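Think of it as A, B, C, D and E in the order they're written, each chain with its own count starting at 1.
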Amino acid sequence: MIRARVTGRIWSSKRIETIPKGSLLEVEAEGGERLIAFDPLGCAEGEAVLITRGSVAAGYFSDVKAPIDALIIGSIDEDG
Amino acid sequence: MIRARVTGRIWSSKRIETIPKGSLLEVEAEGGERLIAFDPLGCAEGEAVLITRGSVAAGYFSDVKAPIDALIIGSIDEDG
Amino acid sequence: MIRARVTGRIWSSKRIETIPKGSLLEVEAEGGERLIAFDPLGCAEGEAVLITRGSVAAGYFSDVKAPIDALIIGSIDEDG
Amino acid sequence: MIRARVTGRIWSSKRIETIPKGSLLEVEAEGGERLIAFDPLGCAEGEAVLITRGSVAAGYFSDVKAPIDALIIGSIDEDG
Amino acid sequence: MIRARVTGRIWSSKRIETIPKGSLLEVEAEGGERLIAFDPLGCAEGEAVLITRGSVAAGYFSDVKAPIDALIIGSIDEDG
């Protein structure tokens, strides 16, 4: 997994039907890489999150054909 | 997923038979990486798109052997 | 697999329910890349570890839907 | 997928038995990355090719255990 | 696949039980990346090898849960 920080959200009106309902958040990983992850937890901008990638991300969904390759699996606890 | 912009289209006359019918678009990802993605949505040059990669991209097709590792799953809404 | 060194641990109170019980360790790979891996072995900070990534990492868990894409599979023997 | 150019061919006399019969070509991807891909199409040195990677590459073979993670799926049409 | 050269071997006494019996070799890929691959062929230090990565590497093993994401599938023939 990678640690990343939420930087925004994207909207996509024109899209394939198998994208699950929910938020698609823009995140920036520790090394500076930017990606878009599905958020099942309701994370906010600036929140530190834990992201899993690849086919295991799609395994979260009941539809085995969910085309999701990056998933927020947790919010990372931060001090104070 | 990654955010990318459509930069062109490729044609391939000599190809394996399991490539699904449809467009293969050249895109440039946010970090500058260039890749080729299958487009089921009819996207145009310059359009901002959302791309999923790996085996989940192939899961979109009814032929489980579709050799597609990058798929445009949506067009990203942009202001004005 | 990659060789990495344990640099810390993360806690995540708000998380999806399919994350298996156990430690999530921060590691730094040989090339400097930082990632978070599930630790089934009880490794300590500073320990050199061997990490497998991708869907084979999830295969370790009895729950086939474990959203884990990086797993410590061994501690690397070091001299003296 | 990625666009790459064929730069050579490799031979391997000592190898595991599950490698399918056929050519293994050296290619250089657009970004400069070099990899080795299985070629089912009979491509020549200098030819521009389209490569798929990961488990979908192995899906091309009837033997589900083919250890191939990069496959040439087409030759890219080039002008003149 | 990638071309790499064997640079050493690692030992791991404390490890999960599903790692198959055999050698784990350190290799350096063409681009300088260092990784650890399972060796079913008995390769020596300095030997040029062909490596497959990801879930297809695990497919080599009869135990479908082998946590191996990098496998030496051949030794590359080199001239005199």
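Everything that follows uses one rule, which is that a residue touches a chain if its C-beta (ideal position, glycine included) is under 8 Å from a C-beta of that chain, and two chains touch if they have at least 3 such contacts.
On a predicted model such as this, the values are computed, not experimentally measured, just so you know.
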> Starting at chain B, what is the smallest number of hops through touching chains needed to reach chain C?
Replying inline: 2
>> Taking touch as defined above, what minimum step count separates chain C and chain D?
In response: 2
> In degrees and to the nearest 5, what turn takes the CA positions of chain A onto those of chain D?
Replying inline: 145
>> From the mean C-alpha coordinate of chain D to that of chain E, what's the distance rounded to whole Å?
In response: 20
> Where the centres are mean C-alpha positions, what is the separation of chain B from chain E, in Å?
Replying inline: 32
> Residues of chain C that touch two or more other chains: which are they?
Replying inline: 54-55, 57
> From chain A, moving on to its ring neighbour chain B, which chains come in turn until the ring closes?
Replying inline: A, B, D, E, C
>> Can you tell me which positions in chain A touch chain C when the two form their complex?
In response: 1-3, 30-31, 40-41, 50, 52-57, 59-60, 71, 73-77
> If you look only at chain D, which of its residues touch chain E in the complex?
Replying inline: 10-16, 18-19, 24, 26, 33-37, 54-55, 57-58, 64-70
